[in-house]
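Shown below is the structure under consideration.
Order of writing sets the labels: A, B, C, D, E, F, G and H. Residues in every chain begin at 1.
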Amino acid sequence: MSGFTDLGYARVDTDRESRQGLPEVVYGPGKQPAEITGIVTELLGRSTGPVLVTRVEPDVAAQVRVPGGTYDETARLLVWRPAAPGSFRVCVATAGTSDWPVAAESEAVASAIGLSTTVVRDVGVAGIHRLMAAQDDLAQADAVIVVAGMEGALASAVGGLVACPVIAVPTSTGYGAAMEGVTALLAMLTSCAAGLTVVNIDSGFSAAMAAHRLAAVAHR
Amino acid sequence: MSGFTDLGYARVDTDRESRQGLPEVVYGPGKQPAEITGIVTELLGRSTGPVLVTRVEPDVAAQVRVPGGTYDETARLLVWRPAAPGSFRVCVATAGTSDWPVAAESEAVASAIGLSTTVVRDVGVAGIHRLMAAQDDLAQADAVIVVAGMEGALASAVGGLVACPVIAVPTSTGYGAAMEGVTALLAMLTSCAAGLTVVNIDSGFSAAMAAHRLAAVAHR
Amino acid sequence: MSGFTDLGYARVDTDRESRQGLPEVVYGPGKQPAEITGIVTELLGRSTGPVLVTRVEPDVAAQVRVPGGTYDETARLLVWRPAAPGSFRVCVATAGTSDWPVAAESEAVASAIGLSTTVVRDVGVAGIHRLMAAQDDLAQADAVIVVAGMEGALASAVGGLVACPVIAVPTSTGYGAAMEGVTALLAMLTSCAAGLTVVNIDSGFSAAMAAHRLAAVAHR
Amino acid sequence: MSGFTDLGYARVDTDRESRQGLPEVVYGPGKQPAEITGIVTELLGRSTGPVLVTRVEPDVAAQVRVPGGTYDETARLLVWRPAAPGSFRVCVATAGTSDWPVAAESEAVASAIGLSTTVVRDVGVAGIHRLMAAQDDLAQADAVIVVAGMEGALASAVGGLVACPVIAVPTSTGYGAAMEGVTALLAMLTSCAAGLTVVNIDSGFSAAMAAHRLAAVAHR
Amino acid sequence: MSGFTDLGYARVDTDRESRQGLPEVVYGPGKQPAEITGIVTELLGRSTGPVLVTRVEPDVAAQVRVPGGTYDETARLLVWRPAAPGSFRVCVATAGTSDWPVAAESEAVASAIGLSTTVVRDVGVAGIHRLMAAQDDLAQADAVIVVAGMEGALASAVGGLVACPVIAVPTSTGYGAAMEGVTALLAMLTSCAAGLTVVNIDSGFSAAMAAHRLAAVAHR
Amino acid sequence: MSGFTDLGYARVDTDRESRQGLPEVVYGPGKQPAEITGIVTELLGRSTGPVLVTRVEPDVAAQVRVPGGTYDETARLLVWRPAAPGSFRVCVATAGTSDWPVAAESEAVASAIGLSTTVVRDVGVAGIHRLMAAQDDLAQADAVIVVAGMEGALASAVGGLVACPVIAVPTSTGYGAAMEGVTALLAMLTSCAAGLTVVNIDSGFSAAMAAHRLAAVAHR
Amino acid sequence: MSGFTDLGYARVDTDRESRQGLPEVVYGPGKQPAEITGIVTELLGRSTGPVLVTRVEPDVAAQVRVPGGTYDETARLLVWRPAAPGSFRVCVATAGTSDWPVAAESEAVASAIGLSTTVVRDVGVAGIHRLMAAQDDLAQADAVIVVAGMEGALASAVGGLVACPVIAVPTSTGYGAAMEGVTALLAMLTSCAAGLTVVNIDSGFSAAMAAHRLAAVAHR
Amino acid sequence: MSGFTDLGYARVDTDRESRQGLPEVVYGPGKQPAEITGIVTELLGRSTGPVLVTRVEPDVAAQVRVPGGTYDETARLLVWRPAAPGSFRVCVATAGTSDWPVAAESEAVASAIGLSTTVVRDVGVAGIHRLMAAQDDLAQADAVIVVAGMEGALASAVGGLVACPVIAVPTSTGYGAAMEGVTALLAMLTSCAAGLTVVNIDSGFSAAMAAHRLAAVAHR
């Protein structure tokens, strides 16, 4: 048993589900629609859980020929066989309205892989009473995903308020000194709030997957 | 009740323990021994859990006058009232021998705040059979802290093997293109293994605190 | 009238006081004690206001031979003829204890040039109730100087609370992704709180001088 | 009273006007026309002062359906209920003709929020007599906003001439070593003229808002 | 004999084949179709080996009027007089499907200049059993070209498994902290596997040419 | 006499010709065709020498309505009243064919302002005999402008061969580690050949203007 | 058989020699003398080839207690059981005298692992006739290691002259724009000479190990 | 005639004087005193002009055993056989007192190689009347070397005033956003004053050598 299927253009990791509880998630950019079709078909046949393709543009999504999938344009996500909501609760909080597409990816991926999600939007620290009003939502979560661009200060503020894991997602929102998200990334990494963790710029996907790992442990 | 004590040079967050399950951890650099003494005394009096001071050099540690503390020179850590080991198991894995001081901080902080720890040292991917031999240690952990410098590839390798949360700590080990740890940091953030999270360069402390947040949820 | 005195090693700008309301402030690094002595003597003779030398190390300060000066070791500041406190009130707020030396320079320069100062220390956003408790101090200020390292989130939080000018001073406190203060600098420049302004890393001096310009206008 | 209105896609900070003397200014990028419409409508109903949306492209502006607004294409600014000119005088100075769009945003925002503005264009230091000829304009201002790209030397030159606050706006004018405005930004931050303050690259808006904070204090 | 032909717009290095065993390879970007036509014609007339033009877009390729050439759209490569496969075996391994265009250039150039090539695709370390299954392919190669983006960890893993030369090609696959390939580049340069060498980002061409130099020595 | 004409959108430096021997050269980007028209008309009326506008795209050039001008599309240069060739000889040398547009700007500007120019193209160090064959051309020049991208090694090679001034122009030719010309820029600044000077990336214009300053001195 | 020995502080890769033809080379920095002693002892007992420790400072070297070793202070290298010189010839060429320590490491490691070495020093391109005079030495080599700092142009020049593999080692020689070796690194990666490969800054060791891989193939 | 002497540790370029009018200048860092002694002895014997060693620390200078040399501690320069002052006049201008060591190197090298020098110190743009007062000194120069750190604005101001060549030397004076001289470097490269040229950070030597090249042409 090799644990993978060699399609020539891809070695599909069919062992992933048994190893990590979830079929391999397909990274869309740079793949032809026919390649996505082939990989998804293989994953659907060789596993039982949800199958996802991320960062898919609408024109590519339209060319992927596999029955039963749904496409979320804001999240740029293709999903087959979404999981039912589980008991692990994730709260996705955004600093500003402009951070929504990244948060949407996080929320959509988390939902598709079986996490229960809530969303709190536009609670940036420039009007900190908006965050304070959301404290109940935050307190009920098992993990908070903070999505923020510019200076990313929301991650520190949330990190100081809650006891649960905080996964910070820097976004490329902003201009000039925002440095395409690098400033938020570095700021979140040096947060004065202890125990925050950080994922790649604009990677709502990574934060959801990190939450999936948390849920795996919480369920033990 | 203000939730803090104003010592003039510091506003000690005496509310932290009730909010986050652990007294404020003191960041040592830039503080005078007398200031550390004052803050630690206040924390010991206003809380019941472990009190820690991080990144303390030996000469400073020697001048902190509070009974009952212990000093770990490798981890540069001062601890009062360490917690008893709990049920949450953290495995600290290092890529090379030179990463040990950062891993030691992670291990020492994790132990002091009540996590059960194991250590796997020197399992870098240049001899990947060494990592394969450690798979049982990794499989039994509730979270893995991966400590690696240079190109930080160990985080990706571990991330692909385990299902539990992986917290990656880039270190400043290496020279030239290692860029004082920035290369490992960026590499870990763009890992092809999904759902890794990352903390600041050389911050064994942050990884242990992130594990503490995980344990808080796992215990719910 | 040339408006300056040419000492060979320096052209002392004796016109500065009439042009900007304050004698030239001397930048200490790279100057010999004898050069500082010469420049200060010239400034004392050609102007009537306070004369300052910044960033002077103790061994250099000890070799500057001009009667009537005082040296502040924390602020690394030499002062002759300090001004009496005026009506313009500046509040210097720091995120952490480790930011104190930079804040001390800001406070000492501001005091020496005739501003009324108050200090609020250690109100970082990881325990945001500490900042909330300082709102009265902030509200009474004509300008707030926020001194913060690491991710510099305090500037955004303060910027959202007060209506007066906020001058943000990033500090080199922190390590790794703090990038010697560059992260705080960039974060403050991209703050979601509108109308903040920023000065150079670790430049408590610049913030005080910016406040001096504000006072000049407020007094019109 | 929560101090905000939750529209789902945005938490409108309706408390901002009482806290800071001006309704929340809306950041346009990343928002749908319908979202801008909703937020502006809410702000107009819950406050009395000017309502602004920044960085709005013409095609988006055309789709915002709220009566009474005007659109300035150069400044990319939407304004409702502009304030009458107040007594605080701001002079906007540009180094070159190519810096005009950023200066235009600064001037338009400043006018809309009740500051009196004058403009001095194209006074870069390569022909410094042009700046010298503008000294009267500068001397009558309560604050000078200096807008300059490339090496940004105009900020230093102006900073040495006037006693009032100088707010420097680096622009992305130039190429190669201009580094999209980073060079001007860094240069302004290290200016040899004391007490300059700096805002984000190309952020004419931030400079105007900083001037608003100055005016608030000058009026006390 | 000058060793070159001066076409005005180019000095064609007609001596290259005798000096390095291969005619000059033409770098396509920035050259007009007529210029490419002229240079290729000259090279075909003055040498006997394969003539290549790299990084040619389809519209440019269509305008190059020299009989006998073939165009590979994925590799963006024009070839005249390809060499027969020699005894030196190169294995091109990719971390992910998205790295294929760069690997395709490497494979196509290597084939055209007379190296024997095999390809192993999609063996990234997130599912390391896929790499382990390819060990035979790797073991039979005289050199391995590793093509990987994101964190580039595949280079370290391969470098630890094989004894032959490993040429690492970082790709610009990925986003955010992938920094357009800089992260993979730096990571490969600091690999814990000894004796790897690295070429420019996305330069499948350079890796193939480095392999050509290896073959030259192996044939001695 | 103010020494400039204030057109509102520009302060034309009419004193420049008497001060520096050449009318102000107009920087095209960011200027409206009508603005260019106005400035050029003013310069033609107030000075006697050549009038140039740089970096003008064809569509803008077509809208500039001033009789007597010529437009060079490769150099993106508009010229009125070009000077007759003088005795100062400038040799423009390029490393590769792709560097030509930048070299063309240098050559066109130099010619327009009265320098005698020769061009040597495609003499990069990968085939150093091509450079050696050009030594006579180089030896007869009063200054050499070296235009090179990628690693910019041609500047060092030329700098070691000739005794006259060498002005190095880094170009953005190349990809990946070429860093849009930054690599060539830094390389030229640290050349082991003593006494090279460097101008901005892709600035053929600056090099020509630097040569104009040389000619001014040589003619004394 | 696990293929490694677990010493607690290190997992010694005892399988390396059979896998790659050379025992694991020990990276010295960050290791205690006792740790080096333990690892070296283990390697000597479990393998038959040369055992090396790199980057060892003299005071550490003096504390390593294993008989039979020699220490090269310039190369900072400890060696036990050096190999006899083999048939593969490596030429180490340096651009300047200041690059010698890095070249010395390369030469010493290469010699110790059984390569035949020659050295050509101080052939930088500022006096290119010095390089031309060394062409015979270069032509007889099976591989050339080029060690150069500052702008690193020597790599391009050598790459254009020889047909064999060229391994470029950037050094941190130089100041300012040399950027601690980053400039040479980037320059070498973008060399106009095709097929160069590059290793980490100051890593004479890596270049020697890359040559070892070449020799392994040449011997097949 | 090889044109160089091979001393083993150095290939002394004895042809340099005939090629470029000046013996090779020795770069001191990284060379042993005995090596400097050997190279200088060779240069004195094989040429007739001045022999210089740059960047020599006092303890090294004291160990160089060649009769007839002088050592300038501020300039860190060793000189044998200085040239008599020629007719080419160089003015070295500094922005601040702290820039003096770099300017001193420039002045000392220029004097030693036969240029006539004047110095104008401390004319930074914060008090621009100081520069205006120096216009006569500037006007009489054949070339101006501008030495400035921080934001380097002096180069632009001087560039706009004089017609002769301006060689800008950025210095590492300043802190934080001064970025060790990178800010001044980039600012000078993007100066709005046309035709400036720039040399490496802190390289007073390079500027003097560039002036030497100018003098060579002026003397034709």
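Criterion: a residue touches a chain if its C-beta (ideal position, glycine included) is under 8 Å from a C-beta of that chain, and two chains touch if they have at least 3 such contacts.
All figures in this text were calculated on a predicted structure; none of them were measured in a lab.
*Asks:* What chains touch chain A and also chain D?
*Replies:* Both chain A and chain D are touched by C, going by the contact rule given at the top.
*Asks:* Comparing centres built from CA atoms, which chain ends up most distant from chain G?
*Replies:* Farthest from chain G by mean C-alpha position: D.
*Asks:* For the Cα fit of chain B against chain H, please give the angle of the superposing rotation, nearest 5 degrees.
*Replies:* 180
*Asks:* With touch defined as above, tell me whether chain G and chain H contact each other through largely the same residue numbers, more than half shared, or through different ones.
*Replies:* Different residues, largely: of all residue numbers at this interface, under half are found in both copies.
*Asks:* Can you check which chain pair, E-G or E-F, has more C-beta pairs in contact?
*Replies:* E-G
*Asks:* Report the chain whose CA-based centre is farthest from the CA-based centre of chain B.
*Replies:* Farthest from chain B by mean C-alpha position: F.
*Asks:* At what distance in angstrom does the C-alpha mean of chain F lie from that of chain A?
*Replies:* 50
*Asks:* Round to the nearest whole Å and give the separation of the Cα centres of chain A and chain E.
*Replies:* Their C-alpha centroids are separated by 35 Å.
*Asks:* Centroid from C-alpha atoms only, then distance chain A to chain C, rounded to Å. What do you get?
*Replies:* Each chain's C-alpha centroid was found; their separation is 43 Å.
*Asks:* Could you state the distance in Å from the CA-based centre of chain F to that of chain H?
*Replies:* Those two chain centres are 25 Å apart.
*Asks:* Where in chain H do residues touch at least two different other chains?
*Replies:* Expected reply: 96, 126-127, 161, 176-178, 185, 189-190, 194, 200-201.
*Asks:* What chain-chain pairs meet the touch criterion?
*Replies:* Those chain pairs satisfying the definition are A-B, A-C, A-D, A-E, B-C, B-E, B-G, C-D, C-H, D-F, D-H, E-F, E-G, F-G, F-H, G-H.
*Asks:* Spell out the residues on chain C that touch chain B in their complex, using ranges where they run on.
*Replies:* Per the stated touch rule, the residues are 96-101, 121-123, 126-127, 129-130, 133, 173, 175-178.
*Asks:* Given the complex with chain A, which residues does chain B contribute to the contact?
*Replies:* 19-21, 25, 142-143, 161-167, 185, 189-190, 194-201, 205-206, 209-214, 216-218, 220
*Asks:* Using the touch definition up top, name the residues of chain G that touch chain B in the complex.
*Replies:* 2-4, 8-11, 13, 15-16, 24, 27, 29-31, 35, 170, 172, 180-181, 185, 200-203
*Asks:* Mind pulling up the chain C residues that touch chain A in the complex?
*Replies:* 95-96, 124-128, 150-153, 156-157, 159-161, 174, 176-179, 182-194
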